[in-house]
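Have a look at these structures, which come just after this line.
You will see two complexes here that share subunit A, one where it goes with subunit B and one where it goes with subunit C.
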Partner chain A sequence: MTMPTDSRRLPAPDISYNAKLFTEIEKLSLLDDEEKRADGRYVTQPRDVFLQCGVITQAKGSAYFEMNKTKVICSVYGPKDIEMREEFQINKGKLKCELKYAPYSSPKHGDHIPGASDVEKSDILLEAISSGVCLQRYPKSQIDVYVIVLEDDGSVMPAAITAASVALVDAGIEMYDVITASSIRIAGQDTFIIDPTSSEEFSPLNLEKSNDLNQGMVMVALLPSINQVSSVVSSGHLECNVLQEAIRSCRYSAQNLHSIVRKCLVNSLKKILKQRNTAK
Partner chain B sequence: MEENSICIPGERLGSSEQYQPGKGTYVRHGFVFASIAGSIKKESDKSGNLPLIHVQSIHTKQHIPQIGGIVICKMTQLTSAFAKCKIISVQGSNHTAAFRGIIRKEDVRATNRDKVEIYKSFRPGDIVVARVLSLGDALCYLLSTAENELGVVVALSENGTAMIPLAHDQMQCPITLLKQFRKVARPQSKHISFPENSKSALTNESTV
Partner chain C sequence: MAKVMLGESEKWFIIHGIQDDMRNDGRSCEDYRHIEVETGVVSNTHGSSRLRLGSSELLVGVKVELGSPDPKAPTEGLIHFHVDCSPNADPSFQGRGGEDLSANISCILTRIYCNKSSIDLNTLGIIPHKQCWVVHVDVLILECGGNLLDAVSVAVKAALHNTGVPNIQVTDGDEGTQEISLPDDPNDVKFINTINAPVLVTISKVGSRHVVDASAEEELCCNASLVMGVTKRGRTTGMRKMGGGSLDPESIPEMIGTGKNIGRQLHISLDKLLKTEQGMAEDIEKAGYL
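Presenting the complex of A and B:
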């Protein structure tokens, strides 16, 4: 039984602490003695990926992206008439992004109502992909991008951004470039862990056993063929030179993803052409 | 780069001194880049200009109404000053979420503009071919039928049969012989693909 709530009173105490803070903080070691991670990868080794476009037939364009246990699916609708009159721009199209976690995506059962972190992630996604889309070629129109995280095992944002850009290309939307993204966990000045899983991702309760203050995460979205960064997100405590080095590593790893994205898109185009030729 | 090869957005197709950028491309720092995924097509220009390079989309592309373009729309709401419609097709691509359009009284026909009566030009449910005048306001595209080739192409009479055009401003039901006023379009096969049920109406018209 829950007490009836008083809407005029905030029931929470003025100051509260997470109970975990009073227990012995378990400082994890991200690397074992052989410099390998929990899943047997080396620090610079990203997970194997699987990428396919055209997976949702109802959508104009779609893509499925998988990095071992991190799985996202993205669908693109439009260009279509704008829904909200207030957001109207005469000379430019509007991009609408929505990132959602499926309720079964993580060990903790999620909520159906989007929380603050979902809204923030949708905004990061919008920022990362909007500079890649030729929006001025779609005046008065709206393009909808929906990403659903089917399973979350770290590095969700890079997966979502890459999937969204492949789905946009699949929808035939004009773009300056495809967008690839990558994230890095920094655990000390010299330890850059590429493509972290959820147990390796940075959180205040998940600190590396070291005295180095440089602890954090960096995510970079890149337009690989014109080599421009469209979005950088960093969290934690990072010194300037460490951050620079982390961004450089992220760019390198995002650049490596470009060949996979290209291969996937060219294969799907060839498949469509082949189907068309056999139909004739 | 071989002819007919496949490209994805962001791929460099050549220098802008070498090619003229066409559809599906953009120019950046003096180079032509692809902006859509598709096959690369090159067309040499006879008049001595640079050869045109464009990317042909393999996916079915969704077109959006452009100024000066022809659209097919369906009438939804009439007032004495304007007619509202929804744009159901642009350049052959069907729209699931239709764009909205408006035809003002002055834009219905080219002659006798001030004597136009909306109720004598369109009825709700008519299929109309129109030209996009401007992008209009936040709600609607501004459309015009002030050309001989533009206007009503399919209209159903009260008992649901397609009506036959009699003149530029009149249509008749072949069953009830009821005559109604419309802003009739002169059929132009190169612009319009007609639905099956209106074909009989067209063949009849050529014999009238």
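Presenting the complex of A and C:
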């Protein structure tokens, strides 16, 4: 398979394979006898979230989002003068998003060569957060959002979207609402696994043999207070009613994230006010 | 996508018209524009198709090459999509300008084809772990007239249907190796089975109603649209919301339902056309670009 090489990094020998390919790959089933997953969670149980803003002091706003082994960091710069004259819009500002994976983020080295899929993910991120930002308050300006995935253990897009919206709030950008997101793995008509890890995520290469053709994944990004969906992405072969049901469950899961996001932002504000008071 | 400029009052005119189920060209909200599809138009490829939808014009060429399979799926072949936005369609596509659009379209195509059921990749395997067929699907966008994604997916399905993979023979060579031999007859091919290949349907939200097959002007009036890959049996193989606006959660099931019905009808018409074309094969004169 000819893959585009990353010209900025020293290349490994032309043909190099991961040693793990030659070992016996133990195929763990998604759920064991007690309906528990590989890491002991139940099907409807998301991972514990650690969310903190103001982690990058140089940036206008920043956020760090961690769900066990999925770690994402986001920084926001702006509003600033728009870079390219052609994209100048008189009545509203421009939001620019970039999502990147660190080279050590995936189990296999160099799995994420910057390519078309990174551009698409950046666009999905942009579409997810655009509806929450009051761009008409920043005419002729540009707001940059940079997200880096430090470690990828599944559910990266929801983590990136939530981190980006918290970073925007931390930067003081006016918004209609925060954006929370969640993803679900569908492994059969009735099996919806919330917040999958990378081994549970949908990939046509690691599907178990199952009679049920409904295998796939859904991600939903939500504006929780006003109940609007800002992004829906699904992959895999699904029947329409299963898809609709999965979207509903995903919305519910994203709604639950709202309280965590609110708590994080309130704590951050309390800390800033305390620092200001002690400084006086 | 294409650079069409509309004033505020023009946008409101379109939105109000759609509210009353009357679009600018007289269609109803669920009608497609006239679609022309022709296969076997490029002689250097293993399969090709040309499509015209309204004022969108595309050319798809499929070439199959020998390659090595993915170590994680040693018996399966590979399929790669590449989209090229030519400056013919829009001067801003010159150089690297059209890259973002190409990346998005090829990722969406990869998403809807990348599952066990769309194309049976096991039929593209030759020698497990060593050789397989790699199908390169190259889409060339010559004109953008709105609703590019639907047009691309229909053209890709038609081109894949027209693609003949040479019948290969695997024989045992010396020292336990296996040798492959290609047939001498260029017509000794096996066509790719596209019975489960999906087609994209874009449902755009304009005002409070949703429309299918938005023209370039209508695309400017819509903030959010849902693009879904639908198979002949009405199952979805991928979905993505596009656009910077937000969707009401109640309208999503409705849009999915519409997409499913429209997708099925699109498949029926396309399959009928492809069958007729296959039957006629030698007799028809290719109209091409005349």
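Going forward, the second predicted complex is superposed on the first by the 247 of 280 C-alpha atoms of A that agree within 3 Å, B and C clash if a C-alpha of one lies under 4 Å from a C-alpha of the other, contacts with A are read in each partner's own complex, and residues count from 1 in each chain.
Keep in mind that, in the parts below, a contact is a pair of C-beta atoms (placed from the backbone, for glycine too) under 8 Å apart; a residue touches a chain by one contact, two chains touch by 3 or more.
Just so it is clear, the structure is predicted and the values come from calculations on it, not from any experiment.
Once the two complexes are laid over each other on the shared chain, residue contacts for A:Leu269 go to subunit B alone; subunit C is not touched.
Within the superposed three-chain model, A:Asp39 lies out of touch with both subunit B and subunit C [touch as defined at top]. In the superposed pair of complexes, A:Leu223 makes contact with subunit B and with subunit C alike. Of the two partner chains placed by superposition, only subunit B is touched by A:Lys140; subunit C is not. In the superposition on chain A, contact of A:Asp190 is made with neither subunit B nor subunit C.
Of the residues of subunit A, those at positions 223 touch subunit B in one of the two structures and subunit C in the other. Put simply, subunit B touches subunit A in their complex at residues 6, 8-12, 24, 26, 28, 33, 35-39, 57-62, 64, 95-100, 135, 138-139, 141. Within the complex formed with subunit C, the residues of subunit A that make contact are 1-2, 17, 21, 115-117, 119-120, 123-124, 126-127, 130-131, 204-207, 213, 215-216, 222-223, 227-240, 243-244, 247, 251.
Every residue of subunit A that touches subunit B in the complex is listed here, in rising order: 60-61, 78-82, 85, 88, 90, 134, 138-141, 169-178, 223-226, 261-262, 265-266, 269-270, 272-273. In the complex of the two chains, the subunit C residues touching subunit A come out as 67-73, 78, 99-100, 102-104, 106-108, 111, 114-118, 134, 224, 226, 231, 234-249, 252-253, 256-257, 260.
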